[in-house]
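Below is one structure, written out as structure tokens, with a few remarks after it.
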Amino acid sequence: MKRLNRKKVDRSTPVYTGSLVEEPVGIQTFRFNQDSLVEKKNVSTVAKLNFKSQDEICWLNVHGLNKPEVIERICKNAGVHQLVIQDILDVNQRPKFQEFEGYWFMSIKSVLPSDVSVVDIEQVSFVLSKNYVFSFQEKKADYFSHIRQRLRDNVGLVRQRGTDYLFYLMLEAILDNYFKTLSDIEEAVDAFDFINSQEKFTPELLEDIEKLKLKVSNIKKTILPIKDFMNSFKRLEFDLIEKRSGKYFWELRDLCLSLIDQCDQLTMNLESNVNLFFSVQGHRMNQVMKVLTMVATLFIPLTFLVGVYGMNFTHIPGLTWRWSYLSIWIVMLVIVGAMLAYFRRKHWF
Amino acid sequence: MKRLNRKKVDRSTPVYTGSLVEEPVGIQTFRFNQDSLVEKKNVSTVAKLNFKSQDEICWLNVHGLNKPEVIERICKNAGVHQLVIQDILDVNQRPKFQEFEGYWFMSIKSVLPSDVSVVDIEQVSFVLSKNYVFSFQEKKADYFSHIRQRLRDNVGLVRQRGTDYLFYLMLEAILDNYFKTLSDIEEAVDAFDFINSQEKFTPELLEDIEKLKLKVSNIKKTILPIKDFMNSFKRLEFDLIEKRSGKYFWELRDLCLSLIDQCDQLTMNLESNVNLFFSVQGHRMNQVMKVLTMVATLFIPLTFLVGVYGMNFTHIPGLTWRWSYLSIWIVMLVIVGAMLAYFRRKHWF
Amino acid sequence: MKRLNRKKVDRSTPVYTGSLVEEPVGIQTFRFNQDSLVEKKNVSTVAKLNFKSQDEICWLNVHGLNKPEVIERICKNAGVHQLVIQDILDVNQRPKFQEFEGYWFMSIKSVLPSDVSVVDIEQVSFVLSKNYVFSFQEKKADYFSHIRQRLRDNVGLVRQRGTDYLFYLMLEAILDNYFKTLSDIEEAVDAFDFINSQEKFTPELLEDIEKLKLKVSNIKKTILPIKDFMNSFKRLEFDLIEKRSGKYFWELRDLCLSLIDQCDQLTMNLESNVNLFFSVQGHRMNQVMKVLTMVATLFIPLTFLVGVYGMNFTHIPGLTWRWSYLSIWIVMLVIVGAMLAYFRRKHWF
Amino acid sequence: MKRLNRKKVDRSTPVYTGSLVEEPVGIQTFRFNQDSLVEKKNVSTVAKLNFKSQDEICWLNVHGLNKPEVIERICKNAGVHQLVIQDILDVNQRPKFQEFEGYWFMSIKSVLPSDVSVVDIEQVSFVLSKNYVFSFQEKKADYFSHIRQRLRDNVGLVRQRGTDYLFYLMLEAILDNYFKTLSDIEEAVDAFDFINSQEKFTPELLEDIEKLKLKVSNIKKTILPIKDFMNSFKRLEFDLIEKRSGKYFWELRDLCLSLIDQCDQLTMNLESNVNLFFSVQGHRMNQVMKVLTMVATLFIPLTFLVGVYGMNFTHIPGLTWRWSYLSIWIVMLVIVGAMLAYFRRKHWF
Amino acid sequence: MKRLNRKKVDRSTPVYTGSLVEEPVGIQTFRFNQDSLVEKKNVSTVAKLNFKSQDEICWLNVHGLNKPEVIERICKNAGVHQLVIQDILDVNQRPKFQEFEGYWFMSIKSVLPSDVSVVDIEQVSFVLSKNYVFSFQEKKADYFSHIRQRLRDNVGLVRQRGTDYLFYLMLEAILDNYFKTLSDIEEAVDAFDFINSQEKFTPELLEDIEKLKLKVSNIKKTILPIKDFMNSFKRLEFDLIEKRSGKYFWELRDLCLSLIDQCDQLTMNLESNVNLFFSVQGHRMNQVMKVLTMVATLFIPLTFLVGVYGMNFTHIPGLTWRWSYLSIWIVMLVIVGAMLAYFRRKHWF
């Protein structure tokens, strides 16, 4: 985990702490109300934007955070606090929600459904006021493309409602990716099959299980703060969320609770797999030992017996008897039969 | 777990997210008061139903949710919110309770007592107002048949009381199925008998235990929210539950607590079985090793001894002595006897 | 666990759900004040009892619950609610406490100190008002005989105080049985001695430990609600408990906390025994393997050596030498001595 | 655990429930203010003591509780409630704190730093009012000797302040003994060294660890209620503790928290030792098996080989060749060398 | 852990309880406001310092606590309470925060990023008022050198703001060291690689893991109280922190939460390594046993077979047949081939 070096950096100089330093920076804006929509791509000068208009809502989306001066310019222009600017750029912090005068700041993590064994977590930050929403992503992603489409086509409620509804749609899109990620992990967990597996059974398998446990725990930790924010939206009175929109944010809380439930269930499932792993490991040992014990138990007494008649004593009864050899074979077969019966009764094979 | 694809679907278009897409849809209505009862089966047009009547109570039951338009029509007719319609149809969400103006919405899970190794969970939703109760089930089941009978025969209090008592009876019927399911699992757990079992003892057994652990945990998770609703009914003032009915809902809370206690006890019991499983696995290994050790320990020294007299040296004392063979057998029997005594003292057999 | 079949039974028909259907039903009454006491055994008609008398206190004790009509008659006569009657008879529910107008209902579990491996839990219910106390037991037991004696002999405060003090004495008597039961379990736990035990060491032993864990957990679960009631007595204002009696109920809370502490300590102790069990099991395996390894390691090389001189080659140096046989024995003894020294140094014996 | 037999004993007859029934009973009193101090040892008649004096503070210390009548006399004289008298004598109860009119009662446990494997817990009770402090110990101990010395020599604040400061000093002395006890346990835990130990490694070792776990848990349980009392002193308004003394009791809360932290850390450390124990046990088994496997793997093939040339077939090639014996030794040494190289590569030795 | 011997020491005599008794004591002061700064090193007489000046802020830093009289002089001069002086010197206590009239006292732990296996925890104490900040460290360290630099160069906000901002900067510097320490541990944990490691695999490895677990738990315990202080700063109204500085302390709370999250994640990771350790240990045992079983199973039957033809019976069929020796070798090779095929199918090699 990279960290903001607080010793060298003063709070007044914002620094990007992520790893995507080569990501191209892009800015899009949507200005809309019920009747009109103006969309701008690759905006270069945001300085002239007026965010105070009462007639329309402005959504400004930034992807790529490696140019602190751009983010700083946008925020300063809208009167956003210096601490918020640093929080947008410090991608190694915990999800947070903070109220400021006239606007809110929220920074959450987004989990992308990629390869199961890797945790691909990105930070997404929001600045929300009555008239504008800013969203900041670390890299270009298609989280919000369906929202843009609905804006353009005036589908659903998004053009009819305020910034709160747009904010809700974006949060829902991010939570949806969590569902997909957890579904992928669930599939990976269901695919474990120690018992019928004919492949090599080694500790690498356990390592995979343990990695998934850590991953699920990581994911749960990023959802828990989101749930807490949603809870507080319900409890407290917030002037940035209209009364008729409250129900939507309550829905998001339910989504978070579902995700947390799923994380817990996955963790339990993985713990079960740990137990099963050790059981199968013990079972394999048992199998190996049974083979050894059966072979050794069958042949060691026989080897002794033939050794007896290999002694060079002059006087051994029966050495010259015609049916000795046949008799000893019969004796040995009886011993073997008795032992096999014993193993059978013990359910060893 | 199937999910509502929120990206493609706007909140204004309700979608059924369950798997029972072929289930025939059926609607029954009961309109009753203390003096009269009108029952209608296979209702096709609900549009004309008047739910505002002060004189009688209407219970409308729907099974089969794969025709969203039917549910939508019923709800819109009664003035139920769009979000509720979607929640009735989205069967993959958490149990929830929400107050709206003039009515309540509650969506819980019902566990059917089926094969122990399968979790058969269905969603049942309720819309409750002063004059009507709607109940929505995913498939036709006989949960409520005893309630219908009591309505028809005017048995008990159901015709004397309001919608709250009817609602209570339906919730109680659902909780009753939980009791039956847990009883079945309890029987399955009690049937585990590693110690006296003569069958093959393999990791599949542990897999069964772990599956039951997950199942019990799943069930507990569906009861916990119901308990929370019941708790809040007591704590808060609700105008849809009459004061004289409050005690019945408090009873339901006690039922939930009993169910949760039983889940915890089952989980502990299953954990004990995990421990026992590993112990028996270790014990079996011990038994196998003891057999190997006894056989090897008895015969390896004897094999050495007869090997000594199998050497081809010219000068070995006693080779030609008449009683050598008898003597060596006596020596060997003494050794075997001593070893058996040693094993006996060690309680190896 | 037997259950009240809620589908078949209406709330208005009370049903006994326990197993003691053959238990004879008995009713005793004590009417007393500071100056006088009237005791009646085998009361048959309770209908004529007047429970409203301001001058004396009435204690009515019932054992045997298999005649619902008797309990119903008593309760109806005193104006006790229908739900309470059912709760007295439904012995499979959780401990509960409920306030009604003019009286309280409390139903708790009582654990009898019997055989350690069995959980013998009985339900005892109380109806408490200013003028009377009803107590309902599933079977005849001697819980309260010392209270009766004190009543008759006017010993202690019981005749000086109201129903609250009598109620306190009965609760204390029930908690006392918990102490005895836990003491018995404690003795059973202390009796486990895997390490010095010379008996057969099998998974049955672990099964016993695990059963005790479940038993202790069961007991704890029945105490927890009693503690909660006692806590609420302190916190809330209750008109049925006089101020001067409050301290006694606070004492009961402390008793419950002590019992819970003891349960936790027992559980920890049993967990330790689980660990010890697995350790001893591993140790026994170690011992068996050491014996095998020592015997095999001592004799396998020697067997090889004598095998060498058992080969039928014509040209083997020393075959005909006079001291070959003696020399090879010396060599073998040196090998054995070296190996024993090695085992010694490894602390194998 | 001995118990107060509540069935036989009425609350009005106090009974000592401890084991130190032979302990001689002793009473000391200190009457002091800033200017004067009167100390009395072996006080026999406490009846004449006046505890209501406004000018001086009286500290009465009792050790030995096996004469209930003595304790009863002291308490009755000062107007202390009957329940308190019983609590002072019932040494098997939980630590408790109770407010009465004009005085407080506190009963806590004191742990003496003795042999690590034994838990030596004593009960110490206090009755605190504005003018007097009573302290009751089960046996004579030197907890408070430094306080007596400071009183006599007028060192520190003890003679300047009220009963609250004296009470604080006594509590601090008791908590100090906890620190010493935990330090002793910490040393015992640090002394475990399974890995380098050359001694016999048996389950007795694990038993020692588990006993320490139980001891630490026991100690923690006696500190937790003390911490709760200290918390409530801060939170609530108490007229028996002067405002300027509040800080001292807050210090005691911090001491308790430190002790609890240390208990938790010790428990974690002991849990680590459990894991290490099982690891070392498994490692020893591994070592034994490696020796067996190496010896068996080296000699079993060789034994087979020499067996081949021990067969009595007439026609075996090379039987009469001059260099057969030498050749077979070379073959065998090559086999041994190859195997040793294999074992080496596998890091078996 | 060394302890303050409370029995011997009165509260009025402060004693240093740490181990750094040889550390040289040093005092530095900074007196500054927006316009000027006066820095003094190696201050010897602090008695003359005036801490009440309204025009400038004074920061006094002390390192080395082994001269109690120095600390006492500083604190007495500023009117700091006797209990605070003792707390500054008692380095073995828990982190604490206490409000006094006109100033605050805070004592926290600082973890230095040193060798991973050692816990190097130092106590840092602060006395904060409107006009001065005192900081006390056990030894000279470079925690605050960047703050001194910013003071001298008037960089950032530190000269513009009051004591609260300076206090915030110092706390942030201390928390930063926690980040570094946890990063080092994280690297050590990631370096564990049991599975591919070719080195000796012994319980020492597990001991390292368990030590890290204890270290992380230790660190978490020192952060938890800091988080609690920060929480209370937000919740309560504090006159020593200006409203505009509140956000900075809220930032510190977020830092603490991040650190706690990281500790939890590390603990989970280490637990996973414990599981992996045992799995690899079991796997190694499996490998050893497979080698033994394969060698023994291959050669024991063959040894028996050649033993058969080593018997000295006169009449054994085929003894003199020309192709006997060749035939028996073919039989033996077929047996070996069959067994190898069996092992292969079982995936033993």
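The letters A, B, C, D and E name the chains in turn, as written, and every chain counts its residues from 1.
Just so we're on the same page, a contact is a pair of C-beta atoms (placed from the backbone, for glycine too) under 8 Å apart; a residue touches a chain by one contact, two chains touch by 3 or more.
No experiment lies behind these values; they were computed from the predicted model shown.
Residue numbering shows that chain C and chain D use the same positions for less than half of their mutual interface. Chain A and chain E have CA centres that are 26 Å apart.
The centroid of the Cα atoms in chain B and the matching centroid in chain D are 43 Å apart. Among the residues of chain C, those in touch with two or more other chains are 278, 282, 285, 289, 292, 296, 300, 303, 307, 310-312, 316. Taken chain by chain, the contacts form a single closed ring in which each chain touches exactly two others.
Contact ring, oriented from chain D toward chain E: the chain order is D, E, A, B, C.
Within the complex formed with chain E, the chain D residues making contact are 146, 150, 155-157, 172-173, 176, 179, 183, 186, 194-195, 247-248, 250-251, 254, 257-258, 261-262, 264-265, 268-269, 272, 275-276, 278-280, 282-283, 285-286, 289-290, 292-293, 296-297, 300-301, 303-304, 307-308, 310-317, 346-348. Those residues of chain E that touch chain D in the shared complex are 1, 3, 5-8, 10-12, 81, 83, 93-94, 96, 98, 198-204, 206-207, 210-211, 213-214, 217-218, 221, 274, 277-278, 281-282, 284-285, 287-289, 291-292, 295-296, 299-300, 302-303, 306-307, 309-312, 316, 318-322, 324-325, 328.
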